[in-house]
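Next come two complexes built around chain A: one with chain B, the other with chain C.
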Partner chain A sequence: MNTLRKAAVWLDDRLHLTALYASTAGHEVPKSAGSWFYVFGSATLLCFVIQIITGACLAFVYIPSTNEAFTSLQYLNHAQFWGWYLRAVHNWGSNFMVAIMTLHMIQVFLFGAYKYPRELTWVSGIFLLVSTLAMAFTGQVMRFDQDAYWGLTIGASITGRVPLIGAQLVHLLLAGPIIAGETLSRFFTLHVFIIPGLIIAIVSMHLRLVLTKGINEYPKPGHPVHRGTYDAEYAEILRKEGVPFVPHAIGKDLIFAALVIVGILGCALVFGPKGPGGPPNPTIVDTNPRPDFYFLSIFAALALLPDWMEVLILFVAPALILIFLLALPFISGTGEKSATRRPVAVLSVVLIMLVIGVLTYMGETSPWSPHMSAWSGNSIPARYVKGRTPLQLRGALVFQNKQCRNCHALGGEGGERGPALDAVATRLTRDEMVRQVIQGSGNMPAYGKKLSPAEVEALVSFMETLHPPGVPGARPSDKPQNKLPRDIASLHHRLR
Partner chain B sequence: MSLARGSAVVLVWVVLLAGCEPWGKPAAPQKEIAEDFQTLFRENCSGCHGEDGRGGPGRILNDGLYLAFIPKASLRKVIEEGRKGTAMPAWARSEGGPLTEEQISVLVDGMEKNWAKKVNLRGAALPAYEAGAVTGDEMRGNKLYLRDCFACHAKGGIAGPLTEPAYLALTTKQNLRTSIVVGRPDLGMPDYRVLNRGRPLSEQDIADLVTYLMGKAASK
Partner chain C sequence: MSGENEQDKQPSRRDWLFKAGVALNVAAGLALAVPLIGFVFASFVERKDPRDWISLGELENFPEKSTRIATYRNPYTRPWDGQTADIPCWVRRIDKERFQVFAINCTHLGCPVRWFEQSGLFLCPCHGGAYYEDGTRAAGPPPRGLFQYDHKIEKGQLWVKGGEMPTLSNPV
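On to the complex of A and B.
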């Protein structure tokens, strides 16, 4: 016994284990910080650890080559014993990580934890947010399926629009002008080595800051932060009601960690892995690629923004958001911490989450995506065929054959990108239809070069028949057929 | 609950669960290519030819007379290569289309099997699918047009004019010939058996009509 004790003392003397424990797990935190609201940070870290473990296991099998990435995922899904589950846990781990990280960020914001003296904790957290989203994006590329291919294509197209150095940036991103074998190697390196390394480094700093600057006390309304007095107040709180993190405050973290693990393992079991969906072949146009859920809102915003907003949303907005997030603790580093006294902060969170939520929903349903098989698979409603002239029937064929149907519904079937055309003749005159078809406008491409004059003629004469029975077609505004103005004019004439 | 009973319950659950496939397990990759006639037709043809091969703006396919008129080899060729000058695109992979040889066979066989039936020709000879050596007479075709077509195909008539240049630019000789022979029973147009005031049109009549209409296209 004595020998064992001696050995332990010797080890402690050399490794300073007691001191390490006292300054980390044993460090004092305000008792009020042992709250259910304070569990999200450790849960995010837990997700990251799960990602590292499952990611390392996946790396044993995954082959980062364009020829074999898809096959190696198929192997995991179908041949390797419970290989699909490994993929599923990694996928759901990432979903949980992004979700819980978001909760952590919201909590820190609403509890004013980013204020003096924890500015750098927040700033390092912002870098972790960016790194985690970068992990999510590069991870999506690892699947190297259609979603990955088109996600990359969109990313590269956006990058290519950076002024002056766009082409060089695309080269940097894709390791060449196009998506090729080197692209996957590059993203593999980023996803497996560089970004995780960065995250580990920033997390270390993040945690060190938590230890040195302490965990934010549960904010009380009416206790604003002042630069001159806060440090003394915090020391007083610790002196009065400080408890060691382990074992007093860690209990709820552990329970939440267990819930997260059960959640990830359960979701993985029930919902399984994502993809890989379809080989990344740009010649397959009959595809409906969409990003993973954390990018669905961006996907929706990009799809919906009007063209004059493109530069604003693509470049100005992300830069502004990032600058604002980084500057936040310096802009409002003092003052009230409690959410009950910060209505603007609460409303901002509600508004931002609503916008992101709605955009995510839009991204999931993506009503703007053309239905690529509508032209050959959705028949023209019989009522639009009966009683039509040979030319109008040709026009209906042009309508299908030139894939107008993929964006424009008839009888409730077809794409929703453009307006349904069941009553187009009540909105547009013949000339306006011709102009719209030939020149396009807004999101509609110009079809002038893709249609012969006869095809335009046929198409427009078909569309002219598209109005509800009894409702007259649109008339040119310069040729009023309404009798009233002329009658008034003649009356006026007669009266004179 | 005693420990033994508890462990028994857990054991039963484990055994039950072990027998199940987890919901999340990806299904084995399936053949993605559709191979049944109904699906193939619905996904690829119904857009123009109608839900059930009839009632669409494109040629009626679900029709005994049409399937008797067109030789199987021609039907296959039209699907594979499309029809230049009309809206029919090429469907064979070899022509840049989406369908395999087998899928096209399924379509051709499926149309024959499901829709071909014996047609009563009422004593009239069934014209050959492709126009033969008969030379059409434009002047006679004009007369025939006024006699046999004009009642419906006059301007403002119930079927609308055939002589509009844009229509004629989007059709072909073969297309007109097929339309005259098989009509559009789904849209109310009679076929060659009755177009001549209740009597059949002859091979010469059909050639004359086609020549007249295509001459209209050329003159505009």
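On to the complex of A and C.
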């Protein structure tokens, strides 16, 4: 035996490396688990490792103080060697991590891997999901710009809706009565120490369960799980077609891992770092706060829900979803695993993804937000003013000056909060327009106090011209109770 | 084996050391936990009002029948706050003596509302909440009118009681 070999044997005797290898990397998995569908778990972990490494590098430079954070981000972007690139990799790493984690969760759900005896693997996975989303939110605060500032305000406002202890919780979240002082330090501590520490602990448990309870075999339709027999069946599968994870099953994980790294690096290179946007100066009120895409669906839901449902959706729904996810392996811990025999499971995934996708798209486009500069920035299409009477032209001016345009589009330009008014005259009669302008309704404020009778007269005569050529305007019904006085001044007086 | 079992039943020195060790660690753990929990959850213990009176400047800065933005330095501040501690608010002067001071935050989710003089509305960029010039809710998702600061006129200046982010559970 040469010296090198002796040294290796000595090391193995002291460190028990062979035993460690045999019980981890070399553990037996069903041959069928070496599938392309089984690569997402390891890829999520890989993303997490990339996040830790790039995050630690960024923390070398980043200063978690409300006064300095923005400047240090600018420094990272423009002065620090490779700073912009590491910021980009960290940002894209988080996008990939959330995306691949979602794929992992869907795969585990559709393959019935959460069923007996792997209930706690799933439960620990749910805690990892929550922790990862918490990382996404706190990470958005680290990019301490305008969006981060107002994102914190939104977070605090949501927290402030908690009954009874809302005020104290806001204070706890912001580390004070307002965003200042220790707020950013608090989020930095959460993002850099506490939540990653939790993730490492839960991942350890998650992985240990994968080793002790075994990886799920590729489900076969018509082979339901029974509590009494499954363990013996799984032992039989391992005995018959068990292969060591390394090197027999890890090949596809390795290839996918390399693709993920190349994907993150490529996106970082092409798209660059995200922000920072405007400086975190609250006195700049000319801003349009938006959360990162992970939370756009919630942001959208909050715009579209009726008032009375908001508290339900904000607090009750997440609690119910969490309880349902945690209870899932105990509710349906046995039975068919194969997605081909579980139509409700497949449809649920499709439905949930569609809802989140549509809400995220709506959050991105935000049609409910007024276009704050439409009234001064978007002109009225020439065809709507050509050949109009002086009164109608004055009405067009009132339309622009009173910021109607911020919520109502003309010629495809302007806000989408209210309906586009290109053909309003085909929907509303003159009297209905007057009523709508003066009294408002639904999502439209009442303008009765801000418009003089002459202005209403002008505005309505302009709106009466808004109908496609050849299409007649709306006519009042002949029912006498719908008839209002024709004289604008007295109508104005009555409705105010 | 039987000898060991008999020994276990007798109170022994080892037994006592184990129990005393656990008890001591519980006590020491509590001594560590109390300040830790108190530190982190100070907001549930501290009852001091963080607000204070701050001047928004001379009354002449606010013409009658107009609404203007004003900025104050947050009284709850740290040396490292920078511009984050500059808090904006909307000041409406109704007549010579009467003012309304609105928080910048929309009552729906806290986004900064903007004033539009011509239509006399505050509009929120996030979800399209709208308020009339007197702060009452006009349209959109806000559950109530704009938050209003306590204010007073002293030494020819307008003062507000600021220092806390207004939320539905704590409307300044």
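The rule is simple: the second predicted complex is superposed on the first by the 383 of 496 C-alpha atoms of A that agree within 3 Å, B and C clash if a C-alpha of one lies under 4 Å from a C-alpha of the other, contacts with A are read in each partner's own complex, and residues count from 1 in each chain.
One rule holds for everything that comes next: a residue touches a chain if its C-beta (ideal position, glycine included) is under 8 Å from a C-beta of that chain, and two chains touch if they have at least 3 such contacts.
Treat the numbers as computed from the prediction; the structure is a model and nothing was measured.
Undergrad: Using the superposition on chain A described above, determine whether A:240 touches chain B (first), chain C (second), both, or neither.
TA: neither
Undergrad: Touch check for A:377: first (chain B), second (chain C), both, or neither?
TA: The answer is first: A:377 touches chain B but not chain C.
Undergrad: Check whether A:288 is in contact with chain B, with chain C, with both or with neither, and answer first, second, both or neither.
TA: Only chain C; A:288 stays clear of chain B.
Undergrad: Looking only at chain A, is it chain B or chain C that touches more of its residues?
TA: When the residues of chain A touched by each partner are counted, C comes out ahead.
Undergrad: Now for A:454: first (chain B), second (chain C), both, or neither, which partner does it touch?
TA: The answer is first: A:454 touches chain B but not chain C.
Undergrad: Considering only the touch criterion stated at the top, classify A:5 as touching first (chain B), second (chain C), both, or neither.
TA: In the superposition, A:5 contacts neither chain B nor chain C.
Undergrad: May I ask you to decide whether A:401 touches chain B, chain C, both, or neither, giving the answer as first, second, both or neither?
TA: both
Undergrad: Return first, second, both or neither, reflecting whether A:392 touches chain B, chain C, both chains, or no partner chain.
TA: The first partner, chain B, only.
Undergrad: Intersection of chain A residues contacting chain B with those contacting chain C?
TA: In chain A, positions 286, 375, 401 sit in both the chain B and chain C interfaces.
Undergrad: Quick check: in the complex, which residue numbers of chain B touch chain A?
TA: Going through chain B, the ones touching chain A are 22-26, 28-29, 42-51, 55-58, 86-87, 89, 98, 153, 158-162, 164-167, 169-171, 187.
Undergrad: In the complex of these two chains, what residues of chain A are touching chain C?
TA: Chain A reaches chain C through residues 65-68, 149-150, 153-154, 156-163, 165-172, 174, 176-182, 279-283, 285-289, 299, 302-303, 305, 307, 310, 368-370, 372, 375, 401-404, 406-407, 417, 440, 442-447, 449-450.
Undergrad: In the complex, go through chain C and note every residue touching chain A.
TA: 40-41, 43-44, 50-51, 69, 71, 74, 76-78, 80-88, 104-105, 108-114, 116, 118-121, 123, 125-128, 130, 132, 138-141, 143, 163-165, 167-170
Undergrad: Which residues of chain A touch chain B in the complex?
TA: 74, 77-78, 84-85, 88, 267-273, 286, 373-380, 382, 385-398, 400-401, 405, 452-455, 457-458, 461
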